[in-house]
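Given below, in the form of C-alpha cells, are the structures.
Same chain, two partners: subunit A is paired with subunit B first, then with subunit C.
Then we have the complex of A and B:
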C-alpha cells in the first residue's frame, strides 16, 4: 500500500525538488542527521527489500568518500597525526563524513524519486512546460522496447538465411551483428517517416495538442502542495538568516539549541517527513478499514 | 519574431542568469555550495538549446528522426550494459550531429541520456550526462558543416576528443560529489584515477564512429533524398 504515489504528480515532484534541493544545500550537522534519517525511512517505506539489497553499494561509497577528504584537505585546527608532513585533522574527517552523508542521502532521494515519479508522470509534468520536447521524449521512450522487439525479429529472420549472429567465427558474428543493426536503423528511419506523415495527416501542429492523463488535482493535493511551499519558504528563510550555516574550517562552529533554531530544525523535519506521514496515515486507514470488515 | 525572442531569452540566460548564479554561489553561500550551483548552471546552460527547439515549432519528421536516433542509442546502451563505459551513445549523438546539424546532435545526446536513465535510474548525474552527451552532438554538428568528418583521421581524432571531453565533464561532477568543493588538486586526482575510463570512452567512441558513421550517414541521406526531411 503506497499512498504517496497516488498524489498528483505536481505534488510529488514539488516534494522531491524541495527535498533534493535543500539536501544539497544544508551542511549543518543537525540538518544532515534529519536528512539521512528521513531519506532512509522513506526508502524503507517505499522500496522495502530493494533498499536492503542496495546497502552493499551505499556503505562502501560512504566510507570511500569519508576517507578521501582528510587525505586531500589539510585544513583545520584539531590535528590528529601527520602523514608525510601533511596534517590529518578532525575537521577534515568530519567534513568528509558530512559530504558523504549528503551525497548518500541525495542518491537515496533519487531512488525514491525513481520509484514514485514514473515516466508517464514525468512526461505529463513536462508536457505543459515544453510540449515538443516531451513529445520527442515520449516517442523515443516508446521506441526503445519496439526496437528491442524488432531486433529479435530481424535476428530470427537472418538466422533462417544463414546469418546467425550466435554461431560461426568471430568475424562472421561481428558481420551478422552489424547487418542486423544496419537493417534495424533503415527500418526505424523509414518507419519514423511513416509515423510523422500520419501525425501530420491527423493535424499535428494546427491546434493545441491534447493529451490523455488520469491525474486529477484534488483538494488534498492542494493542501499538501501549499504545505510543501510554506515549509520550503520557512527553510529558505532559515538559510537566509543563517540558521543553516555551519563552518568546518578553520574549526567547527557551534550548534545552537535555542527555541528559534529548534523550531527551524522541526520545520525541516516536517518538510522531509511529508511522504512518510502520508504513508503512515494511509497504513493506519487501511488497518482500520480492514478491522471493520 | 519567434526566433528573436528565443535568442533574447538565451542571451539573458547565458549573460545574466549564469553569472548571477556564480555570483550568488561565491558571495551569498561563501563559495561552498559547489554541488548545488554546478547543477543549477548545467540546467541553465541546457535551457537555450531546448528553448530554440521548442520555439521553432519543428515538423513531425524532425521530431521523429531525433526520437529514433535517441532510441537507437538507448537501445545500444542497453545492449552494452555489461561493459562499463563502452557505449555507443556519444558516437550516435555525434553522427546525428554530422548529418543533421548541431541542434539535432545536442537533442539526440541529451534525450538519449534522459531516456536511458529512465531505464537505468535517474540521479544527480543526469543533468551532467545530458549536457556532456548533448555537447558532443553539438560539436559534432559544428564540425559536420565543414565536411571533414567523412574522412577517417578526423573521425578518430574526434572520437578521442569526445571521450576526453566526456570524462573531464563527468569528473567535475565526480570531484564535487566526492569532496563537496571543487579543488584543482582533487580534480587532478579524479582525472588520473579515471584514466582507464577515459581510455574506454575514447576507444569505444572511435570504434563506434568508424563502424557506424558511414552507414548511418548514408541512411540519413537516403531518407533525406527520398522524403526531403532536413533541408
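Then we have the complex of A and C:
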C-alpha cells in the first residue's frame, strides 16, 4: 500500500471522514457487510502482518457484544428459548451482531486512518485552521522524544550517586523519582529560554504567520475529491429516502433487491472501495511500466 | 562598506557593580570573517547578543550600535530578523519543530512569506547544505553535527547578510566541528556573508579568519590580523595556550619571521629553523604504573536490542590501579557505551567485567557506587538538584553521612568558595564540571570514569581540569576517560587506547601511541613528524630544541 498515501491529505481526510461518518449511521445489513468487508480489505492492504496480530482483539469483542445484547434486550418475535422467564430472541442476537460489526468496522477504519494520516498530515490539516495550533503541535512532538532521552540520562546519573529509583524502600524510590522529575523540569525550563530566543531570533511574533507544507494538490487529487463528494451526496440522499433504514424490532424488515436499491448499495461499495481501487490501479500501472522497460 | 559600527558601547547587567562591556568601539566591513575570542565571562557573548536586537540583554546600556548605516533600534523588525542571523551554542535547544523540513521553513513562516517562495528557498538551502538525504527525518533522530548544520541552514533560508555565532561547535565532535567551520568558510567565500564567530577551536578557525578580536574583562584587548596576536599579547598570557600549535611552537622557540598558523606552515617553519637534533636530550617517558588490575573487561559484547547490531564486540580492556587511561575514538564507535558498561549501568550479553577479580554484576549497587566506581556524565547538569552550590554539596554529604570537614576540603580543593551561593545552572561549563566532580568525589570512590569531560570547555578550563585530575591521580585515584580530545589525551594521560568498531585496536603510553599514528595524532606530532618523530606535544619541542 503506497499509492493511496501519496494523495493530498485533504483527499485522504475527506475519505475517512465520509467512511467513518456513514458507517456510524448505517445499520442496514447490506451496508454493514460492505463496510466490514472493505475495512478488513483495506486494513490487510495497509498494515499486513500488524492486522493479523490485532485480529485476536477484534474477535472476542465481536462475540462479547453479540452475547450481551440478547441478555439485556428481550424484544422480538422469534423466540429461541427462555432464561429465567426472559425471552432470548433471534432479533436481539442479530441486532447485537450488527452493532458489533459496526463498531469493529469503525475501529478498523480508524486504524487505517492512523496509518495514512501521519502527524505531518495532521498538522498540515489543522494548520489550515490556525498556524499557531499547528506550531504548538509540532513543538510538542519535538519535546516528547527529547524528554524521554533526558529522563534516561538523569536516572543513570542519579543511580551513580546512590539515588536509584529502582531499588531500596518505597519511600526511597518515591524520593528518587521526585528528584529525577525535579531535575528534568529545571532542565526543561532552562532550555526553553534558549528555544524562545531561537524563535525570537527568527522573527517569531513579528507579523502574521504563514504555514509551510510539502503537500501539493494535484489534478488527480481534485478528481478523487470530487468523486468522494459525489458518492457521499448519493449516500446521504439514499439515507434521506430511507434505503438505508432497517428495523430489527419487533421483527426484521425486508431487504429490497430492486434495481434502485442495488444501485445505492453499489454507490456505497464504490465510495468505501476508493483506496483499494487506487491501490490496485497503482499496482497494475507499475507492473505495466516495468514490463515496458 | 561597513555593515556594523559600534560606538562607545558600555553595558552593565542589573545588580552588578562592574560593567561587562567597557567603552567598545568597532567597525565591521561587509564580507569580513571575524573571530571573537576571550575567556568565559569576558563579555564576548554579551557583545554578540547586542548585535541582534531581539536578543540584547537587559541592563544599563550606553553608546550606539549601527547596522547598515542606521541605528540598530531603528531598523525594521522584519529586516533585523531576516538580515541578522544568530546561531547558539547548544544544537538541541534551538530546534523548534519536529521535522527537518518544517524547521527549515520556520523563519520564513514567521515572516509571512508565501508558500511558493518558501518552497524555493528551502530547496535552495537544502541543496547548499546537503540536507536532501535527511530532509524528511525527525529532528530528534539527527546527530549533533547535523542538528547544528540544520540550525545554520534554517537561518540561511532567511537570506541574512550578517551571521553571528556563539560557540557553535563547542558541543560537536572534531569531525562535525570541522565540517561546520568549513561550511561557514564557504558561506563567507562563496556568498560574501559577513560572519562574527565566537569560538575556542582556534586551531581550525584562525587560518580562515580575516580578523581576530580578543576581549578581556570587558575591554577589546586586540583587534587585527590572526598572525599578529602572538607578538601583541603580553608574554605568559592565558590565551596563548589556546592558539594553534604552530603558533605556540613558534612562540616557545622564540621564532622570528612570519608567524605560522597551520600545520603546513608550521612544518615549513620548523624545517627551516635547522634545529640541532643531536643535543642528546631524552624526552620523558611515562613512569611505571603499578600492574595491579582493578577493572577488567574480557571479551565483552553488547547491543541495545535483541535484533540490533553489536555496538561493542570482543572488548578486552584492563584498567590498572592509579593510572589515567584515556579511551579515544570517533563518533559512534561506542565510547560512552564502554563507560556505562564499566560503570555497571549496562550489562554485557556476553563476556565478563571484573572488578577486583570479582564479577561486576555480583556487587550490590549500594556497595559498588559507594566504594568503588563513580561516573561523571557528559552533562553535569543531570546531577544537580539544589538551589545553590553549597546545598548541592551538603545534599550529597548528608545522604552518604560524610563529615562537614570533608565538604570543606572539597570546596578548597576545587576552588568553589566564591561560587557557594550561586545556582548550579548559572555556573560556566567548567565550573559546573568542577562542582559535579566535587559532588562525586565526596563519596571517595576508587575509580573515576569521565564521559567527554573536555566537551565545551575553553583552553583555560581544560588546563584547570587537567591539573585537578592529575592531583587526584597522585592521591591514588584511578581515572578512565573517554574523549574526542586527542590533544588533551596526549598531554595529560598515562595510557591511551583507541576504540574502533566496538573494540580496542591499540593501546600504549601516549608517546608510543601518538608517535605511532599517522593521522589520528596531535597537531604537534604532525608538525614535527619526520623531523623529530617522538614529539607529541609542544613542550616536547622546547625540551628538545632549547639549549638550556
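Here, the second predicted complex is superposed on the first by the 270 of 293 C-alpha atoms of A that agree within 3 Å, B and C clash if a C-alpha of one lies under 4 Å from a C-alpha of the other, contacts with A are read in each partner's own complex, and residues count from 1 in each chain.
Heads up, the rule we're going with is that contacts are C-beta pairs under 8 Å (C-beta built on N, C-alpha and C of every residue); 3 or more make two chains touch, one makes a residue touch a chain.
Fair warning: this is a prediction, and the values are worked out from it, not measured in the lab.
Once the two complexes are laid over each other on the shared chain, residue contacts for A:195 go to subunit B and to subunit C alike.
In the superposition on chain A, A:135 contacts both subunit B and subunit C.
Contacts of A:187 after superposition: subunit C is touched, whereas subunit B is not reached.
With both structures placed on the common chain, the touch criterion links A:204 to subunit B and to subunit C.
Once the two complexes are overlaid on the shared chain, A:119 sits against subunit B and subunit C alike. By the touch criterion defined above, A:17 lies against neither subunit B nor subunit C after alignment on the C-alpha atoms of chain A.
With both structures placed on the common chain, the touch criterion links A:111 to subunit B but leaves subunit C unconnected. In the superposed model, A:147 lies in contact with subunit B only, and not with subunit C.
In the superposed model, A:27 makes contact with subunit B only, not with subunit C.
When both complexes are aligned on chain A by C-alpha atoms, subunit A residues 119, 131, 135, 139, 141, 146, 182, 186, 190-191, 195, 197, 199-200, 204-205 touch subunit B in the first and subunit C in the second.
By the touch criterion given at the top, residues 20-21, 24-25, 27, 64-65, 68-69, 72-73, 95, 98-99, 102-103, 106-107, 110-111, 113-114, 119, 122, 130-133, 135-137, 139-141, 143-144, 146-148, 151, 178, 181-182, 184-186, 188-193, 195-197, 199-200, 204-205, 245 of subunit A touch subunit B in their complex. The touching residues of subunit A, counted against subunit C in their complex, run 119-120, 131, 135, 138-139, 141-142, 145-146, 149-150, 153-154, 156-164, 167, 179, 182-183, 186-187, 190-191, 194-195, 197-214. Residues of subunit C that touch subunit A in their complex: 52, 54-55, 77-78, 81-82, 85-86, 88, 90, 92-99, 101-102, 105-115, 118-119, 122, 138-140, 151, 154-155, 158, 340, 343, 345, 365-366, 369-370, 373-375, 377-379, 381-385, 396, 399-400, 425, 439-440, 443. Of all the residues in subunit B, the ones that touch subunit A in their complex are 30, 32-33, 35-36, 39, 50, 53-54, 57-61, 63-68, 70-72, 74-75, 78, 107, 111, 114-115, 118-119, 121-124, 177-180, 183, 185-186, 189, 211-212, 215-216, 219-220, 223, 226-227, 229.
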